[in-house]
Amino acid sequence: MNTFGHLFRLTTFGESHGAAVGGVIDGCPAGIGIDLDFIQSQLDRRRPGQSRITTARKEGDRVELLSGVFEGKTTGHPIGFIVRNENQHSSDYDNLREVFRPSHADYTYYNKYGLRDHRGGGRSSARETISRVVGGAIAMLCLRQMGVGIKAWTQQVGAIACNRDWTQLDLSLIDSNPVRCPDPDIAHAMEQLILEVKGEGDTIGGVIAGVITGCPVGLGEPVFGKLHAQLGAAMLSINAVKGFEYGEGFAGVSQRGSEQNDVLEPGATSPVFRSNHSGGIQGGISNGQPIPFRVAFKPVATLLRPQETIDIHGQATTIHPRGRHDPCVLPRAVPVVEAMAAMVVLDAYLADRARKNEKA
Amino acid sequence: MNTFGHLFRLTTFGESHGAAVGGVIDGCPAGIGIDLDFIQSQLDRRRPGQSRITTARKEGDRVELLSGVFEGKTTGHPIGFIVRNENQHSSDYDNLREVFRPSHADYTYYNKYGLRDHRGGGRSSARETISRVVGGAIAMLCLRQMGVGIKAWTQQVGAIACNRDWTQLDLSLIDSNPVRCPDPDIAHAMEQLILEVKGEGDTIGGVIAGVITGCPVGLGEPVFGKLHAQLGAAMLSINAVKGFEYGEGFAGVSQRGSEQNDVLEPGATSPVFRSNHSGGIQGGISNGQPIPFRVAFKPVATLLRPQETIDIHGQATTIHPRGRHDPCVLPRAVPVVEAMAAMVVLDAYLADRARKNEKA
Amino acid sequence: MNTFGHLFRLTTFGESHGAAVGGVIDGCPAGIGIDLDFIQSQLDRRRPGQSRITTARKEGDRVELLSGVFEGKTTGHPIGFIVRNENQHSSDYDNLREVFRPSHADYTYYNKYGLRDHRGGGRSSARETISRVVGGAIAMLCLRQMGVGIKAWTQQVGAIACNRDWTQLDLSLIDSNPVRCPDPDIAHAMEQLILEVKGEGDTIGGVIAGVITGCPVGLGEPVFGKLHAQLGAAMLSINAVKGFEYGEGFAGVSQRGSEQNDVLEPGATSPVFRSNHSGGIQGGISNGQPIPFRVAFKPVATLLRPQETIDIHGQATTIHPRGRHDPCVLPRAVPVVEAMAAMVVLDAYLADRARKNEKA
Amino acid sequence: MNTFGHLFRLTTFGESHGAAVGGVIDGCPAGIGIDLDFIQSQLDRRRPGQSRITTARKEGDRVELLSGVFEGKTTGHPIGFIVRNENQHSSDYDNLREVFRPSHADYTYYNKYGLRDHRGGGRSSARETISRVVGGAIAMLCLRQMGVGIKAWTQQVGAIACNRDWTQLDLSLIDSNPVRCPDPDIAHAMEQLILEVKGEGDTIGGVIAGVITGCPVGLGEPVFGKLHAQLGAAMLSINAVKGFEYGEGFAGVSQRGSEQNDVLEPGATSPVFRSNHSGGIQGGISNGQPIPFRVAFKPVATLLRPQETIDIHGQATTIHPRGRHDPCVLPRAVPVVEAMAAMVVLDAYLADRARKNEKA
């Protein structure tokens, strides 16, 4: 199942060490101006080798749009695109041909499919998220027309967290540091932790927070297409994600209804909520308030230290990984989280518009 | 979007105060023995009025299967079913016809659809979950053939939590108390808290934990149909859910890869994992280990105390709710969580089997 | 696969001799006035026992809407409905329990599912089309707002055909005779043929023609969702249908492009086509002209005469059918054809609206 | 809607004069040997410039598989592929930038999307079928394992038809002539007719017949996924198709049930049908017999002679088409018909296997 979305749909393909990754965006409205620089800038935020806390692999990750755009605008037809793979050191993986790396997809892929492309994780590689970033960037270009904004940032690395409410943060600072945390001091501490972990050949997890602003009232389709259910599915489909929450999330379970209810009061032009404990969604439908959410990433499984495991014959062995890997995926995952959020919101927008009864 | 699943599909309908709720189960394999008592027993666990900590509404919630079963077995054709609504006090809701209850779906439904059935929440009522329980019970009857077991329980109410690992709990005790917590002492404390909250006309949230056991290796479809992404979407579609996590979840983000990796070693008949930090899923595919997960429920929005709000004309007003409501939804939501998990696993099982290349 | 449509979706259930047939309509826009008399009138046109050329079975076929309608209007939520089965003579079918009737679904169902509900054809019975008529009637109520009209009629029975172009017919006469052919003389000849065939215990096929008028420009989704591809799939899913064509259809293959091209010329308010060989669809998208189509029905397989066959043990046997059956399904299939066409057009309308870029 | 299929899914992209056409095949079982020469041979049968009765455009149409294949076998992951466009004479279309060609998709595309890529028909070009041929060829490689064969041929061009039953034809002769008709004499007459039409700057329609052999019993999903409904939708989605029929089709409507019923009798190893009027499908499910079908193609709209029309401003004008076009699309459409049939059968096979209850 390599297609995401219902009306705005992204289908992706590609392995880490194949010829290319890419995809097809179907259902994009016609007439949207395509800003290639913006798309590329999101890819650049995801690109490896951008700082000393990411993998040293150098990949240009230049996207080529193959269809669906004519004279700078979308035509309403599918947008095919590819990003050629380059700078692959496939021989780095020769020793892993018959070995299951701990906590990777190696064992499950091999059992499910009966064979696997062992090079760089094959299809299970996070390189697949390139296609998501392209799809998400084009969704963002559509959403701009509606005034919807989407921002994500690194909120926590290991135990170092930036716990202030997002309304207290200056989100313009997200890209001011390689960690992509809007609090420069905390960012610095996070960076030190990542370098420390990297020095140990280890990895570390964290939390990416995000917020959707300017979302119109009415997005989300009861009962199974609740906006947050679609958002959760989107985030949980990203490599290494272990949890999703929105609004008050897990912490809010200790509260009482009287604390969490968001009271409506008359406003100048439209009703005003006194609070946003609901996280911008009520009954699965956006209520016009910002939608804050959090996504938990486990530490990546690839360690730069020897690990015990077994091979495909069931024999015990030890792996000595080579290759170039991220000690912490969060900085590069920020644009991926934004991309998935954008596609969910746009898809929900199209679904809502489809069934609007303008004459009722 | 009132259909859930891809190959095993549940479509639901029905409002709280309409004639009936019900649904259609499509894609159920043929030849499955239908144990009506089991289906009804799951409905009875969800039924209101079962204890002093749930709403006092009395509803029989008897399911009638209308099709798809012949001489006690499924025929492979759609199973239509209805549960008639009864004991509705629609007049309890007359005062809410033009009022938006705080943190309910009232405001969003009204804005999305331009009108709403205000009686008992209409379609946004958790009464809709009856249909999920029926679908899930039939999925469970299929899964039994494969040796898959699914259990859920109340892990936390307010701040009172049962934090021991599920392997340390006696899950046969889940239904030994009205809270559905397998630790009787903690269950007692939870029950006291719920009664206290109820006495204040307030409500309280909590966490339901679950575990899927006996799941074969290979379920889940990369990249967007990862097993946990489907599981998360399922849980997040349940009323009042604000978060989902599996494996080490949010807590695990502070760990290092070297702590969290699950090492494989040779076993008697098949490989053995030394640990299960991954939560039974790697690369989005089940690895044969148990799949533990957690679902966060907010306190329900319906309070038995006056609340400020506005009406559909934008005027400030105060509501004085009547009706009979749950101070805490968790005890009754346990079978709903089980139902959703069962449908996800069965659907993933069918998808996996479809594409197996037996001759490869 | 018992769900039809993408945005306006009908899911059906029910066997001929089960408790009920019914379905769920999902995705219907909110605020549509529900005219129950109109829905029932379409069911009455499909009902058995309406004339001497249809089966003598008497069934009321009263529909009960269970949800999704509030104070006479659709709410935007799923409309569940059932039609109870009645007047079943299941014992008529006792002798068919282990026998495969020639050219029925008996052999294929038994092989596919490993068991079958043999009573009255079970799920393969055309009684299933009741649910389609309900779904189609509600779609028609939506389409009325847009000025779209849908008409079908019996164009051919056996070799007796009404070959005049639909623009030369008075479609208000369709229901003036039991055959549902708008030419009374031809209708009379058809009726005589059906009675003659009936007298022989035999059955006869025919063609239903239809036309969609008032369809706006722009419906249909390239490349796989072409409007006529959806229309064809809809018609071919009706029991006993063997062929579909639109525009000039099969006959037009002998023509040259210079004969078939539809020339556009300037019109008073919008461009005008000089001809409609295209059948109202170009490139898979409606062009605003009427959409005429034809649907071929084979003679039904149930004969009131002895037939050789085999049983489920592979032994030769002879069947002596009892029961009450139609010698020709066309008169009762007319509202089914209309229903499927209505659902296709409405679904295409919603899909088109979803992706319209109003700001482009 | 540029995705075809449910479990085996093809998503296509690309315009006639864009950078490339291509697609993604998702859901292909793992472990299928990929015979690139076979895929290319099917593309070569579709390629322009292969004979004097097709367009003189020269295009290599070499496919590049970008993913999903490892060491010659499918991995179970999506197969992305592209075919670069070349030898485009886009300037041939400069004069059509603001003109609607009669009976093309120009008018409908422009109205639906508000803009269009006018070069060579853009997305509405039959060049899009390249991607179908690639998808179909890979489906055929899967079907070979099951013994399923698919053949299509030109049965009729204009009024010249090869009406013998397919069982009386030597299908190995299909590619013995440029028309792809298995009767060499009739093929010669067809070829003369096409050349005559071409000489007049005109075009001509025809019928492609096909047959699916070796299809196992049980494929097709009642009620909306009937095998022939999926087959019909597939064929009707091909450019220029106006009709579809299978079994006795339209001609069979004049017959009686007693003539058309297929009697089953005991056979050596399994039951035997005395006839195949049903066309291999009963109740929407394959019965193990061959599945013959027919597809009607209209004459293509592009004429090499002046035609009256209007432009996007509603003004009357005359077009003088340039470019290189086919006087008759049938010879090149044969592999496209085969491709669509193959994808339908494989998809139905996967759907059937998904829900098989092996333990029932």
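We just call them A, B, C and D in the order they show up, numbering each chain from 1.
Simple rule for what comes next: contacts are C-beta pairs under 8 Å (C-beta built on N, C-alpha and C of every residue); 3 or more make two chains touch, one makes a residue touch a chain.
All of these numbers come straight from a predicted model, not from anything done at the bench.
With residue numbering as the guide, point to the option in B-D, A-C or A-D that repeats B-C in over half of the contact pairs.
Repeat of the B-C interface: A-D.
Just how far, in Å, is the C-alpha centre of chain D from the one of chain B?
Result: the chain centres lie 45 Å from each other.
Quick one: chain A and chain D, Cα centre-to-centre, how many Å?
38
Could you state the distance in Å from the CA-based centre of chain A to that of chain B?
That gives a centre separation of 26 Å.
By residue number and range, which residues of chain D touch two or more other chains?
1-3, 12, 27, 30-31, 73, 76-77, 112, 114-115, 123, 222, 351, 357, 360
Does the chain-touch network form a line, ring, star, complete graph or other?
complete
Can you name the residues of chain B that touch chain A in the complex?
Residues 1-4, 6, 12, 100, 102-109, 111-112, 114-115, 123-124, 128, 156, 158-159, 197, 202-207, 217-218, 220-226, 228-230, 232-233, 236-237, 242-250, 252-267, 270-271, 277-279, 281-287, 294, 296-303, 305, 307-310, 314-316, 351-352, 357, 360.
For chain A, which residues are in contact with chain C within the complex?
Per the stated touch rule, the residues are 7, 27-32, 73, 76-77, 145, 222, 350-351, 353-357, 359-360.
Report the residues of chain B in contact with chain C in the complex, numbered from low to high.
For chain B paired with chain C, touching residues are 1-3, 9, 11-15, 18-24, 26-27, 30-31, 64-68, 70, 73, 75-80, 82, 112-117, 122-123.
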